[in-house]
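Common to both upcoming complexes is subunit A, partnered first by subunit B, then by subunit C.
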Partner chain A sequence: MKSLDGMKPLLMILPGLALAMFIIGYPIYDLGFTSLQEVSRFGKLLGFVGFDNFREVFSDPLFWASLNRTVIWTVTVVLSTLIISLPIALILNDDFYGRGLARVIIMLPWAVSLTMTAVVWRWALNGRAGLLNATLMNMGLIDEPIEWLAEAQLAFTVEILVGILVSIPFTTTIFLGGLSSLPRDSYEASMVDGATRWDQFRHITLPLMKPFINIAIVLNVIYVFNSLPIIWVMTEGGPANGTDILVTYLYKLAFRFGQLGEAAAISLIMFGFLLLFTIIYVALVMRGERQTDTIEEDE
Partner chain B sequence: MTPNKKTTLAVSTLALLAWSGAALAETTVDFTVAEYSSKTGPYFEEVAAAFEAENPDIDINIEVVPWDTLLQRLTTDIAGGAAPDISIIGTRWLLDFAEQGIAEPVDDYLTPEFKDTFIDTFMAPSVIDGQIMGLPVAASARAMLINKDLYAEAGATPPTTWDELYEASKKISEETDAFGFGLQGKEIETDAYFYYSLWTHGGDILKEDGTSGLDTPAALEALTLYKKMLDEGLTQPSPTNYSREDLFNLFKQGQVGAVFTFPMLIPQIQAEAPDLNYEVMEFPVATTKATYGVTDTLMMFADSDVKEEAWKFIEFAYKDEWRTKFDRGEGFLPVTKGVAAEDYYTTDKDIAGFAAGLPHAKFAPTIANWEEIADVTVRAVQKVYLDQATPESALTEAAEQINSIRGK
Partner chain C sequence: MSAKLKKSLLYWLMLSPLVVVILFPFGVMFVTAFRPREELFVFPPRWWFSEFRWSNFVEMWEKTNFGQALFNSLYVSIAATALGLLLSIPAAYALSRYRFPGKSAYRTFLLMTQMMSPIVLVLGLFRLMVVLGMVNNLNSLVLTYAAFNMAFTIWMLQSYFSTIPRDLEEAAWIDGATHFKSLIKIFLPLAVPAIAVTSIFSFINGWNEFVLALTMIRSSDDYTLPVQIYSQVAGRYQVEWHHVMAATILATVPVAIVFSWLQKYLIRGMALGAVK
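Right, the complex of A and B next:
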């Protein structure tokens, strides 16, 4: 009887698990299968070619450059978003006059689709007709219009900034949820002990917020790593492939050049990357938690 | 009870109609139409209705698909075994369709008289390995537009050669607030903007032996000239931030003296900048007269079961009365001799300006992996505009990459 009781929860999640495995698993199986085939541009499989698609991808300098840029893109966007979102969430968590309005303003970019945001920025950043240059010139900050998207380095920087902007609402929401669940009595107790606000932040807020920060990191990394619209709309990965990240390069390969086999290989590589990151990260977090638990028990 | 009776009557009438409809129209021809403008769908419905009136046993089923999703749509239809019987496609895709055995050669259907209605130049791109794989359905050629007011203000003469364009652009950039020449540097057809210069300098995209023509002296000269004009401030700065549409906007705003463009810009100018004083001219020449001809193809699917009926409709739709309506409505150049001979195409100075280049029109080669080759070219051109490479090294590198894509 005991062992059956142990099996029960597993049995109960089995249907859900099977469905999830099917929904996630089938596309991955299909991708894996396609990536080992020669594929015509009309999606017809022309025969097994082993790892040729992967070999071609790995020998392509544009793939490595895109991979490199993907890492920069993901790390800078996610880190900056976290660093900016935490103070915003702290401020919005305090009770002040007009907090509702402030929250709405912060959340507003979230309500607009990514593609639309990117289109608006593309217009605003236009060299001769763009709003940003017009504003800067009216304010006397610049004399000549700046061509924001003409050169890869500046364009990529601008795209990262837009990426941060659109990631803030989601991250702030996670943090706000976390902050509202923190126990008030810890703060009251620390105040009795004479803790400053910085002490409170350092020793109460931050440690208690850890699970929320972790989930924000994992989810943001996945979203940002796979995010196509901003870069695609603003520069299409150009000029001279200078702003291509893996997902934009993949899109070009698949839907412009019709190389579905190579595109499938890159998709699989990207999936592997994210899976590996998530596993390592979650393992690190869990080990960290276990260690703190033991320390606390020792005390 | 009355409403019920009415309904019953209506339903039975409908059923009867449907039944009789089915009995009369024994065969259905599925026709996928690319949407050029909001006029495209209604136009083809009208042709189909007129055809069905004459041939009550054939039903033409028109489906209008936007250009952006057309290839993807046909791909899925073909993969799913639900391909149409005939479709409008971009001629640049024709080779892929032909190689995969999806396109039906039309030589056997094409009577000599029908074949003779087409202008030969536009027939050429549809010929693959000696077989005609489709019919030209729409055509446009490119030309140069100059802003006559800017030219007058700077005291420059409208150019016919690259030297003259260079001098005129210099004058305009110095004498007026505008830039002499608009240079496209990003997104769709950035490579075409370079081919304009390449062709008129006597070069070509591919050499006789099928290898890339980018490592030739003509290509080097063509790109060096663009770079020189950019460096000397004769073009707008930072071309890599200007797509085709951005460039057209500059021209509409009177900020550039000359651009290279297609006929569809004319209605835009008339609507958005009616005061703009422009003139359509042929591309400036260095050694060779040339323009870029672009065609779309009407293709028949090899898997179709109703080829005879489909062909009957095609012959009907190519009658002069219908072609005139289509070409004028969409702003295209005529692909048939009958329409080309009409007064409109010789007297309207804008259309005549674009049509003038047709005898020496060049086409994008029908070769495999064309999009990828175009992308390599765009990258080379952008590197030069961005000072990341010299014209010579960028072109040599691009030629090597193109040759390796082509397996040469």
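Right, the complex of A and C next:
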């Protein structure tokens, strides 16, 4: 009976585990294999070439340019999102008139898919008839319509701003979760000691929020680094590869240019990076769980 | 003026730039979807338009094959959700009720696969579907969505299942019910709300997914909504923006309302409860 009980849960997790292993595991294996092969345009493997594909990737200036932009994209979007989201979470955590409405509005970008958001912005930023130009011209801020997406530098900047906008709701939610778990008595004690609100923020809120900030950084890095729709829909990495980040460049190599060997190599490089951040994430979650456990045991 | 009113005004003032930027694309969506075609490209561009053209929606539906894409999206999202839940419910039950060898390794595996994004593996996934002969087949999306979603659904379900007291099931066992019977008769009815919320999120994930649908589906009859709408925009000399925005409204607004309503439950599936 005991041994049967040991088997039953395993049988219950097995079907799902098998599907996940197959659908996620096989592609990883295939990418590893393909990256070491010479591959024809049509996906036919032509034989083992060692690390030639990786060498090709590393000597490709477009790879380095995309990598460079990936770093800029990820770091700017994640940092700006954090800096904007923390005060928003502080505001939404406080009691004021219309807070419910404010919460709904701030969370709205999360409710719409990235693809659709990007489609709408692509139209809103249209150089000839876009309503962003209409608004700015009405306000007298510009005299002539601006072609927002025609020039790489400007287009990339705009895409980063959209990236920040869509990352705010999720990050704010994490922070709100953190703020709601802060102990009220520390604030009351510090008030007695004559601390200002800024002191409270620096010496109580910020240190206690640290685990949440860490989680928000790691999750946002993972999501933003991987995000294809915004850039793909708004500019497809163009003009002239000027807004390509690694995911868009990888996608072009694989499905437009038929450079499958190189694409497989880039996929693996990105997979390695993703794995690294995932491990950090898992470690953070596990540490959080252990802390919760010890607190519960203390009680 | 009371202190709270003053504070409220100050807060709204601080939030206002962001509120404007968030609402801006929704405004763009609505005023474009309803305006007559000839008012799309006027110079200088303006918000104002002369009449509400409800017929834009009817026209769009016919011209862009919207109904077919809607059906494809519904099929893929529902089938992937059903498959995912069928496999997730027993796994989540096992996680919340039993100790078994490898349990913590399994939890780690779930957390890691939850972060695995399809885009990094997209080439490998495409080659897998070639091997399986499933390119240009909506079921390729059903399989991949179910697989990539499962970590999330299992995690979310088990966090709810753990809150359902065991006593009820144990009482049934004492009365002579088998584990299977107590699962069906006692546990599952209590778990219905959790399962409903989880399936809605799983559905929305499938509904919104773009990269895999763009990759696996080649013929326009099998496009899901995001790809269908994207194909109205990309690589076209003349884009019928009023149709695109009408389609965007139909494809996003109902889902966005449901999402906003249930959003507070989402965080439980993200293993963040643990950080608290």
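The rule is short, and it goes like this: the second predicted complex is superposed on the first by the 241 of 299 C-alpha atoms of A that agree within 3 Å, B and C clash if a C-alpha of one lies under 4 Å from a C-alpha of the other, contacts with A are read in each partner's own complex, and residues count from 1 in each chain.
The rule we apply is simple: contacts are C-beta pairs under 8 Å (C-beta built on N, C-alpha and C of every residue); 3 or more make two chains touch, one makes a residue touch a chain.
Computed from a predicted model, the values in this text were never measured in an experiment.
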**OP:** Considering only touches as defined above, state whether A:V224 meets subunit B (first), subunit C (second), both or neither.
**Re:** neither
Original post:
Now for A:M116: first (subunit B), second (subunit C), both, or neither, which partner does it touch?
Top reply: second
**OP:** Considering only the touch criterion stated at the top, classify A:A150 as touching first (subunit B), second (subunit C), both, or neither.
**Re:** first
**OP:** Would you check which partner chain A:L36 touches, where first means subunit B only, second means subunit C only, and both and neither mean what they say?
**Re:** neither
**OP:** Applying the touch criterion given at the start, work out whether A:R256 contacts subunit B, subunit C, both or neither, answering first, second, both or neither.
**Re:** first
Subject >> In the superposition, subunit B vs subunit C on subunit A residues touched >> reply: C
Subject >> First (subunit B), second (subunit C), both or neither touched by A:R128 >> reply: both
**OP:** Pick one for A:D95: touches subunit B only (first), subunit C only (second), both, or neither.
**Re:** second
**OP:** Go through the superposed model and pick first if A:K44 touches only subunit B, second if only subunit C, both, or neither.
**Re:** first
Original post:
Can A:E236 be said to touch subunit B (first), subunit C (second), both, or neither?
Top reply: both
Original post:
Can you list the residues of subunit A that meet both subunit B and subunit C?
Top reply: 43, 126, 128-129, 236, 255
**OP:** Flag every residue of subunit A that touches subunit C in the complex, lowest number first.
**Re:** 5-6, 8-10, 12-13, 15-17, 19-20, 22-24, 26-31, 34, 43, 84, 87-88, 91, 94-98, 102, 104-117, 119-124, 126, 128-135, 137-138, 145, 165, 168, 173-174, 177-178, 181, 211-212, 215, 219, 222, 226, 228-229, 233, 236, 247, 250-251, 254-255, 260, 263-264, 267, 270-271, 274-275, 277-279, 281-282, 284-286, 288-289, 292
Original post:
If you look only at subunit A, which of its residues touch subunit B in the complex?
Top reply: 40-44, 126-129, 147-152, 235-236, 238-241, 252, 255-259
**OP:** Could you please specify the touching residues of subunit B with respect to subunit A in the complex?
**Re:** 72, 75-76, 78-79, 96, 100, 102, 185-187, 236-242, 246, 249-250, 253, 255, 369, 371-372, 375, 378-379, 382-383, 385-386, 388
Subject >> subunit A partner contacts - residues on subunit C that touch it in the complex >> reply: 4-5, 7-8, 11-12, 14-15, 18-19, 21-29, 31-32, 40-47, 87-88, 90-91, 93-95, 97-103, 106, 108-109, 111-113, 115-117, 119-128, 130, 143-144, 146-148, 150-151, 154, 179, 207-208, 210-211, 215, 226, 229-230, 233-234, 239, 241, 244-245, 248, 251-252, 255-257, 259-260, 263, 266-267, 270-272, 274-276
